[in-house]
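One chain, subunit A, links the two complexes that follow: it is found with subunit B in the first and with subunit C in the second.
Right after this comes the complex of A and B.
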């Protein structure tokens, strides 16, 4: 589609150039290098590398720690977006139904989004502290019930809650604005047709909210890889006993702590493949998104 | 299908502090087509929404037949509504839009398909049942909205300015279709509009609303020929009725300046109303200057000024006599004059 007001082809090129350069430098080149390195065995203290074919892949894929990190990543990818969107949706439906939020309230609810994952992690370390945090009274009644420092499940739950907490404000705003954009008369028409509030949510509001739900789903999905890293690094460093080592964190540890650069590159390549498959699935899903209003 | 009689018993509506409807009583007979007409913001939609159950009644009673419904939720009142902006479900096909209420009422699939096809035939929507609303024209969308409203065979049909989004020609066609449809299905219909042509042509009776109160509730003929108040007199008819300060003296109706206008049996101060289409042009009578002339093709509308200063509008008969003259003589037939009390604004003759 060519529009009248930007006629020269150079204008387009110049306008997109800065972002293109950034994307190439910080995304395509590293991804390309990761795939490239995954076929070489890098010497840990420098001094060249040797082509080894698929040996790195064989090594990584036969490592049980890779598979448990993968499993944790999958669980996290299902639970965190699911809960973050589910809770936001309930809040947005409630807010849309009655209580008209004041603009002050809307501001306050979006603030957590302005805080980086790492900072949220630091705060949550205090909130979930077994002796000082919100569950401290529980520990007094039943000693040892809650301790994310020693119990893997508790630690995983802590990361999960922090991730969900981080996601709710943005999802809430997106979903609420989507709900408010549904014309009032549609709800009225459905009420006249005999639909109660639950039926209206199911038959009218949710179908018309699919563009917003899809957007939040895609962003949440990306967040489980990108933002989760900051949370794990500040809260648990992958522990205890690897219980919170998602694949993204394992790559970091292998590459920068254990100096297994080839292993890290191979796992990066695998993670990118995995994410690529998920993105393809999401595009198939998008066919069912209803943009008509 | 039979209509339901609607009784509105001393209903009031208040939003916070603002009283929109200060106490209104009326009865719409079973199967009657009532048009609610009034200026913007007078409370027409509010009244309709209260009938529908979309808006709560502050006080008073609403009866459908003998059943009190003011506390019954919208979905259980057995009425259907057509909205100004159609309000079709954009993600459903035409057939699903029409059949949604049947589905909610747990009507069997086979019967549903049959009834959807039947109303689609009535509404002229055969062949469109698989389309999405976004693939239809404005007129077709409004037909879907009407089909959706009548498929459940409701006792009460409510319309909130359903034709105002359509262009003039389509509006005329739809008006005739709606009128035929009403005769066919016999539901009690309440139709809100601020278009007086719609009101005059569709209504069995017109309810004229002003600031939440009934100015007049009567047949279109009665409203046109015997407006009860100056508000109704000026609101109905285009161009609006001329209203002049006058005085009855010894059988003559004289203007404020003393010039006799026509004969009348009334004595004392009055507001005299004359419809522009009842003023005749003649060779002698009230002399007036033509200030402005609008040529509508079939006839002219003249804005004239009497020697005594009053301005009036008149519409000429077909062809427009004295088409070019700047000075005309007016004849006002005595039976064309409506008299109103200057204090109460109520009709007195």
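Right after this comes the complex of A and C.
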């Protein structure tokens, strides 16, 4: 870190105190409490806690519902960022060509960023409704082809599409900014040497875009774990038959509907560890990403 | 471009059209449906791509017969609070981290950056406990130091402090504002400024606080405005935490209010046209903001460089 210029204990303390107090109370204490409750059991009628060691962990880890929620979370974590970033990349490469439509695309494609997941859910649940939505004619022709209310895969797909709709804007903007920062001279020189557009994408644009691609994956991985909540809560409530119960939704249900504080806290602690490992892995990977241009 | 690339341009235009259509389709469907009356909607059997003239009726229903207008105001206050806390706290702290000599710099930077890795939604269960009684840490302190026993002996009752921030604006906003991404962004910006800036200010007789307010603040206008708008939108679109922290309709922001409104009797066809009008109503402020200000936001967040 660069050496600063000023010195002085009092003003320094006053300047950093607000943010430290805020994050200690509303971030570090909750994180600590999650680990605390994962080793303790709340007494049934309130007032105090009993230390139970790893019993909570044993209970959660032997619960098949936890593992199926974890598996769904993993599938979702691979599919949603992969598709959202892939589509954003194609769109960004197209918009980067500076065509007449580019500025319109730039402006419109960012809009979903400003729409809350829960609002999207309210609209998409209607769009995908088996009898009122866009696929209603399909259902009239082939009854029962599409029904997210009863078919788990259909329901999972609706959440996925809504998540991608919500996830495109930010990835698109990051990737487009990255593409536009690539010096024009490089592309021109390559074109002079006879490299066609596809060749330039593969050998110049994509390699130089690695930092932005990395950034989008880092943000998306953690983002999708939590952002799907608003969609699930408004579109499927975790159903049908638990097919869309991702871990974040299960924790909410366990904690606030079933009042199982220790169980929810234990799953929270496991999810924190999981995210921590993911972030560490990503930063190990980052060492292989070139940043110089 | 220096080459003839008609086919590629046609493909690129096609891709952009497809992308724009995918993004606009739900918005257009929501808008068209919001123009139908409930009877038209039910008898028409759902989605029909036609405009009717009942938009203002549905809109009036949202305005006068739901709580969404009051909840929209809650959203405005909560989002402003989130944006202000995120910008102001991070600004002063990052100023200290970059422009002060201190051994604590690295530690404090690390402490703030960890908040970026773990989103609030992961820890809502225990955040709820803390916000339900923000004085809980003081109770622990009293317990650990043995002061509570002392006070019990003196006054006859064991002290237990309790203060709940649930259902309050600050209680909803403060946990959302802990994610300190701003520190990252401001730090990068401050490091790009000339190193001798504070030295020059000192020679002109300005102390550190004067330097921060009169020189650094105006210089940082671009990233500050961009992050402020971005966090405003972030506060507006938050769902899980406000859903938990604000249990009464009077305290809930508009997004939560809309979701509660949609959660109705499953045996009856819901009033979808009214819900679509509601969805447009709770979304228009942030969408307008991002539509009109996207250039400033993108430039200020400095996304082209990591």
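Of note:
We adopt the following convention: the second predicted complex is superposed on the first by the 262 of 293 C-alpha atoms of A that agree within 3 Å, B and C clash if a C-alpha of one lies under 4 Å from a C-alpha of the other, contacts with A are read in each partner's own complex, and residues count from 1 in each chain.
Keep this in mind: a contact is a pair of C-beta atoms (placed from the backbone, for glycine too) under 8 Å apart; a residue touches a chain by one contact, two chains touch by 3 or more.
Quantities reported herein were computed from a predicted structural model and do not represent experimental measurements.
By the touch criterion defined above, A:62 lies against neither subunit B nor subunit C after alignment on the C-alpha atoms of chain A.
Counting the residues of subunit A that each partner touches, subunit B and subunit C differ, and the larger count belongs to C. By the touch criterion defined above, A:30 reaches subunit C but does not reach subunit B. Touch criterion met: A:208 reaches subunit B, while subunit C stays clear of it. Once chain A of one complex is fitted onto chain A of the other, the partner contacts of A:183 are limited to subunit B, with no touch recorded for subunit C.
Once chain A of one complex is fitted onto chain A of the other, the partner contacts of A:153 are absent, as it touches neither subunit B nor subunit C. Of the two partner chains, subunit C is the only one that A:136 touches; subunit B does not reach it. Once the two complexes are laid over each other on the shared chain, residue contacts for A:199 go to subunit B alone; subunit C is not touched. By the touch criterion stated above, A:233 is placed in contact with subunit C alone, subunit B being left untouched.
In the superposition on chain A, the residues of subunit A contacted by subunit B and by subunit C overlap at 188, 191-192. Note for the complex: subunit A touches subunit C at residues 1-8, 11-12, 15-16, 18-20, 22-23, 25-27, 29-31, 33-34, 37, 87, 90-91, 93-95, 97-102, 104-127, 129, 131-134, 136, 165, 168-169, 173-174, 177-178, 180-181, 188, 191-192, 197, 211-212, 214-215, 222-223, 225-227, 229-230, 233-234, 248, 251-252, 255-256, 261, 264-265, 268, 271-272, 275-276, 279, 291. Interface residues of subunit B, counted against subunit A in their complex, comprise 52-54, 73-75, 79-81, 83, 85, 87-91, 100-101, 104-105, 132, 134, 148. Those residues of subunit C that touch subunit A in the complex are listed here as 1-3, 5, 8-9, 11-13, 15-17, 19-20, 22-24, 26-27, 29-30, 33, 45-47, 85, 88-90, 92-93, 95-102, 104-106, 108-109, 111-112, 115, 117-131, 134, 136-137, 174-175, 177-178, 180, 183, 191, 195, 198-199, 202, 208-209, 233, 236-240, 243-244, 255-256, 258-259, 262-263, 269, 272, 275-276, 278-279, 282-283, 286-287, 289-291, 294, 298, 303-306. Against subunit B, the residues of subunit A that register as touching in their complex are 183, 185-186, 188-196, 199, 203-204, 207-208, 290, 292-293.
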